[in-house]
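You will see chain A twice below: alongside chain B first, and alongside chain C after that.
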Partner chain A sequence: MEVPRHWRLRKQRYGLVGEACPHCESKLFPPRDVCPECGKDAREPYQFSGRGEVYSFTTVYEPPTGFEEYAPYTVALVKLEEGPMVTAQLTDVNSKDVKIGMPVEMVTRKIRTDGDERGMIIYGYKFRPVLQKS
Partner chain B sequence: MREVAIVGIGMTPVDEHWDKSIRELAAEAVLLALEDAQRESVDALFVGNMLSGLISQQENLGALVADWTGLRYTEAIKVEAACSSGAAAVRQALIAVASGYIDSAIAVGVEKMTEARGSEVTAALATAADADYEVAHGVSFVALNALIMQRYMHEYGWQHAHFAPFSINAHANALTNPYARLREKIDEQDYAKAKMIAYPINLLDASPIGDGAAAVLLVPRETLRKNGKPIIKIAGSAAATDSIAIHDRKDPLWLRAAEISAKKAFSQAGVGPKEIDFFELHDAFSIMSALSLEACGFAQRGQGPRLALEGQITLKGKLPITTMGGLKARGHPVGATGVYQIVEAVLQLRGAAGENQVPDAKIGMTQNIGGSGSNIITHILVRE
Partner chain C sequence: MSPMNEEHNNLLLKPNRAVGIVGYGAYVPQYRLPAAEVARIWTNGQAALPVKEKSVPGLDEDVATMSIEAARNAMKRAQISPEQLRAIWVGSESHPYAVKPTSTIVAEAIGAAPHIQAGDWEFACKAGTEAMVAAVAFVGSGMADYAMAIGMDTAQGRPGDALEYTAGAGGAAFIFGPAQFSLAIVEYTYSYVTDTPDFFRRQYQKYPEHAQRFTGDPAYFKHITHAAQTLMEASETKPSDYRYAVFHQPNLKFPQKVAAQLGFTREQIAPGLLVGEIGNTYAGAAIIGLTAILDIAEPGDRILVVSFGSGAGSDAFSIVVTEAIRERRNLAPKTKDYIARRVPIDYAQYVRQRGKLTMK
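Right after this comes the complex of A and B.
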């Protein structure tokens, strides 16, 4: 039952909202109440730009329950330009073309469906290669 | 604080035990440890386990295992620390006995994994990772290790084939361990051709799951008399944590919790990496062997695979590792693994490891890693 969890995390999943530490100016994602950098209170919301680069990636061929229909898919550690790293799927890209260091940007995509056809469709952040301006 | 010795050990083979439930597996190991120590009871029981609630729909393992081993009314609890639950249970037993509150304790690690389908077990194992920010994105536990391995290879220039000696050594050692899950030799070609699970991790980088239980019985050293049998003491025991999500680590390629716990354990035992005769490390994936060797000071940063490539990790090498097959080939019944490592170390120190014996082993080290490096427990055992 994913409803309360998804509702609680909506700002993170849709908006990449983390926190800025008022003491050491670290940017934090996900938000947490104690800054891991300086150990002081961190409670100011901060919206990330969604831009970053691929720190590492892999393709999942044997997925956990709930993700079977999407395999194979590519997941990555994305280093955001503000500093923190996030774990997310890559989208709009062939897994063979993914490279470490590749610039990517956040998009909102379907992550999975919770249960059968009556279950909630869960959306959230994925990352795609940065689109070239035409 | 009192010095603590291990006077009893017991284990089941790691296998697909279709005919045994989780309580029966745990009971078998506990009863063997009692028999080995020639005792009928203990003051307390600590059950290391990760997945019983998810896979066997059974929690409250402390009381259940106590009841099923003739120890009804004995104090008993379950200890959970993901894949390091086993060593965590041993450490709790150690703290209890060393403190003087308890005069004897059994730590039993147990996991029953064949009760559920593969994808359910994959999902259950993923609960060791961050549910909201890792698992929610479809990351399996293998994938998390693959993310680390891919970056490691990129950063330090290693090829996949360079990790082969870790798995080849583990399989070679398992061949003569009757308790091992995979008693078959593998070579470089098998390793290169194995089925891909999450690039760059293939089936021969990954340890197999399995059912199994292992137990140790601890008493104060001062209660033992020298009677010709070797006394095996726990000379060092330390645990440390790191973020459970890899993306929250300061350096995803460095096992800080391994470094901290190893340094503490070395200092308690009054030894350094050079004095260690063998090392039962946590080779859940070949990349973890490399990272563990580096963090504990056996290899330079980024150079873990070199020890293996130079042949130093075999039974005849300078630092034998996974001497009974390790997680890779003895098998990785998750919450039991940390206790298997310690039971195997006791066998080595007693000189009872058969064909796998490390000559004149006096000081052994074990390291059990929970999650992808979030909870790491190091033990150093010494033969008196």
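Right after this comes the complex of A and C.
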């Protein structure tokens, strides 16, 4: 059981909440309290827009324990519009339709279940192709 | 007002402070199971189809994730900060946990926790509208300025059962606030309930039971008709005073029949009648129809919404659209955008996505 760790990470995982550096305006994800650009303190919570694009990707056919029921799925390095790069699963997309540079948006989805069907459901961010609006 | 109307008027539920909808948002998963696929497996394709197709959630979707997206859409339209919300209530009959609220997950995901009232509501298919009535009261009493109510479901039917053709996934979120900031004013609501055993699911049972002869006249038609007629009599309105109407939609036939019996035209119900394309979204069914209407309504339009929940009861709402609708509705995806995002699946894929395959 990893309940305490899931609980501590829920804000950044559910909603892509990182940090903003008050000194150089860099945006940090994941939050690490020290700005990688200027080395100063950066503890202001920052809600990312969730928009970005696929920088690179790979499709997983033999998943690690806990992810079997979702295979095959695509994991991408997503470049957020605010700058940081995040690794996340893509969802609502067939792996053969994924392209580098594809615009994506953050959604909150089930990541996996902790253990079997009696375990806690872990939710977190994934990215999907941007919803077409009329 | 005649004595008859005065008596009825007391039946209306109306807040002290004028309340309206400040934001709304819909959600429908992208997968669709054509009803013809269900018929192909179970009846050699011989069954009469109650809908064209129904929406099916992805492997990583449940009522919590779907509520989060609808809630985010409602927040975009409301243009308020998450801290201003003082309640998040989620009505569903498919909450992911038997014990552990969905509402706290939604509150956390949209940044509204921890200074907030949260709770999960249940009443079959009217769990969403009962949360809406409570949210109107919460704001209307002055206890809070903003409250969110959600109706969302990922309903399951027993394989081969009549419900398997229609049991869909989707719903909507509404944020209620002071009338002066609203895109639609809630004039009043009215609720009508009786103890009717038309449809139920005992604890630990995966699929519901439904009493075929109970589900029509004594349940759906009786409750919706009483709720709609009482609300109209008490408010001295008639069907022609409403630009649009939306009724709980378990299939295509029932809402069209009840609308005709009450005196509403096909034009009045067409924009909110989505069951043919997304199936019966249970706690989301009547209210996702309301989102589709708000997407196209004009200021001044009056809308009648009547839900139905087995067990049984109906909540009716009279809502009048304001000028604010024009710009607010464009701040988030429209309901038809979600309906247009359509990936058809076959029965085998459906079986996998609905957890009907055992992996161990």
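Going forward, the second predicted complex is superposed on the first by the 134 of 134 C-alpha atoms of A that agree within 3 Å, B and C clash if a C-alpha of one lies under 4 Å from a C-alpha of the other, contacts with A are read in each partner's own complex, and residues count from 1 in each chain.
As a convention for this text, contacts are C-beta pairs under 8 Å (C-beta built on N, C-alpha and C of every residue); 3 or more make two chains touch, one makes a residue touch a chain.
This one's a predicted model, so the numbers in the text were calculated from it and none came from an experiment.
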Three-chain arrangement built on chain A, chain B and chain C clash or fit: fit
Which of chain B and chain C A:Ser56 touches, first, second, both or neither: first
Superposition-derived comparison: chain B or chain C, residues of chain A touched: B
Computed vertex angle (chain A) for partners chain B and chain C, CA, steps of 10°: 150
Which superposed partner A:Lys110 touches (first chain B, second chain C, both, neither): second
Contacts of A:Glu68 with chain B and chain C, given as first, second, both or neither: both
Touching partner for A:Met85 - first (chain B), second (chain C), both, neither: first
Chain C versus chain B - closest C-alpha approach in the superposed model, Å: 12
Touching both chain C and chain B, counted on chain A across the two superposed complexes: 68, 70, 111
Contacting residues of chain B [partner chain A, same complex]: 118-120, 122-123, 126, 130, 132-140, 142-143, 146-148, 150-151, 154, 196-201, 243, 245-248, 252
Residues of chain A defined as touching chain B within the complex: 5, 9, 12, 30, 36, 55-68, 70, 73, 75-77, 84-89, 100, 111-112, 122, 124
Of all residues in chain C, those that touch chain A in their complex: 30, 58-62, 64-65, 68-69, 96-97, 105, 108-111, 333-334, 336-338, 340-341, 359-360
Complex contact set, residues of chain A against chain C: 10-11, 14-15, 17, 47, 68-70, 91-92, 107-111, 116, 121, 123, 126, 131-134
